[in-house]
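Letters are used for the chains, namely A, B, C and D, taken in the order the chains are written, and counting of residues starts over at 1 for each.
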Amino acid sequence: MNISISIQTDDFSHSDEYQNLCNDAPRIGAIVTFCGLVREFDDSNGEGLFLEHFAGMTEKTLENICQQAFERWPIISTRIVHRIGTMGLGEQIVFVGINSAHRKAAFHACEFIMDFLKTDAPFWKKALTKDTEYWVEAKSSDEAASKAWKK
Amino acid sequence: MNISISIQTDDFSHSDEYQNLCNDAPRIGAIVTFCGLVREFDDSNGEGLFLEHFAGMTEKTLENICQQAFERWPIISTRIVHRIGTMGLGEQIVFVGINSAHRKAAFHACEFIMDFLKTDAPFWKKALTKDTEYWVEAKSSDEAASKAWKK
Amino acid sequence: MLQLRFFASLRDQLNCDSESLDWSDNFNTASDVRATLIERGTPWDSLAKPTVLIAINQEMGNDDTAIKNGDEIAFFPPVTGG
Amino acid sequence: MLQLRFFASLRDQLNCDSESLDWSDNFNTASDVRATLIERGTPWDSLAKPTVLIAINQEMGNDDTAIKNGDEIAFFPPVTGG
């Protein structure tokens, strides 16, 4: 069980993350990656995000989500990088990568981890706009997505 | 509708492909990539693969699969790179990348394209081992995966 | 003694990111702590919102989670990472 | 005239990657062409395998797909890309 989690203010290299997954298990088959970027918001008034988290609980929660993924699917490694602090539009926020011999396992484990990260990991986004800043509201669609795995 | 398809003997840069998806729509949200690699086979006697395809039909088929993905999900761009010819163990065979404002759409479109690529696109793998070579048999699990989308 | 922590919009509303609360033998579950804080009135009545989440010792819990002296109890709004 | 094409293991078995076949007015669907080829005996009876796939003018079809003079008809085993 190869679980790797980084919470960091610095940006990350998608290319290095992909290469590390390849190196974890060369000749293994399937690699799925998800990357979330800061998108335009507030009718283009948005300038970026500030991300706060609950240090300690975040790492525990993500580790637990990854362990559940290993219990459900035959995967080789999971890698999560999540940034905190201030990020501009278009910047990378989060990376989730999975390495598996089976493509379906890689897809589903990656989607599963993202769904539970969205509802269970203690991160909070503050939207920064030209005029003001405000906390982003949680989406009910995210809650529905993680509940769907429990059926 | 931004569909890009390359069939090529040369290896590709995962990093460039990812970056191109980002550039297609900066500030858009979610990028999912799948990459398939040549894996070990035949009790480690395997040395690589030779990939044949039906030039013309391949491109048409992949374009059609991508168009169907655009009809089903709100996605920004799809990118497929598939190699043909001879590849060694651990080498990249295929890349599918999706850019969307919505993470679920990106995941599902990527999985959908891979599932139909596996059953509908005219590629054939020949296994190359130390002693011999033989055509790889199709897997019934692949057939089941693409049928599942038709429900 | 309990260590209390507050995050994000809730912390801003309370203008408090952490405090120590004396242990009381009336504390059985997280809801007892929550009720004690709400009794303080504005702005602590923000904790009455049903969407407020509770973590006990950095694990997600709820109003019914049993607590003991020395626990760390965190209150926060629904999470929005990723 | 029909243009026939064969791929992968099927091409190896037939030792033939393409041929031109004279048009016959008996040809209505792809199955008629398939039957004509199978009649040639070994190794062409490989085409009798139910798993053999058929593409007409580079689009996936099947035994029942209507064909016309000038079509390109390809026969191949189940695909294994990706």
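Methods note: a contact is a pair of C-beta atoms (placed from the backbone, for glycine too) under 8 Å apart; a residue touches a chain by one contact, two chains touch by 3 or more.
The model shown is predicted, which means the values in this text are computed figures rather than measured ones.
*Asks:* To get from chain A to chain C along touching chains, fewest steps?
*Replies:* Counted as steps through touching chains, the separation is 1.
*Asks:* Mind checking the centre-to-centre distance between chain C and chain D? Centres are C-alpha means, answer in whole Å.
*Replies:* 71
*Asks:* Can you check how far apart chain B and chain D are, centre to centre, with Cα atoms defining each centre and the answer in Å?
*Replies:* 26
*Asks:* Distance between chain B and chain C based on Cα centroids, please, to the nearest Å.
*Replies:* 48
*Asks:* Any chance you could list the residues of chain C touching two or more other chains?
*Replies:* 82
*Asks:* Give the residues of chain A touching no fewer than two other chains, as numbers and ranges.
*Replies:* Where chain A meets two or more other chains at a single residue, that happens at 36, 103, 114.
*Asks:* Report the complete set of touching chain pairs.
*Replies:* A-B, A-C, B-D
*Asks:* Would you tell me which residues of chain B are touching chain D in their complex?
*Replies:* Counting only chain B, the residues touching chain D are 36, 51-54, 56-57, 60-61, 82, 93-94, 114, 117-126, 135-139, 143.
*Asks:* Could you list, by residue number, the parts of chain D that touch chain B in their complex?
*Replies:* Touch residues, chain D against chain B: 5, 7-9, 12, 51, 55, 58-60, 74, 76-82.
*Asks:* Under the definition above, what is the set of chain A residues touching chain B in their complex?
*Replies:* Touch residues, chain A against chain B: 14-15, 18, 22, 26-40, 89-90, 101, 103-104, 106-107, 110-111, 114, 145.
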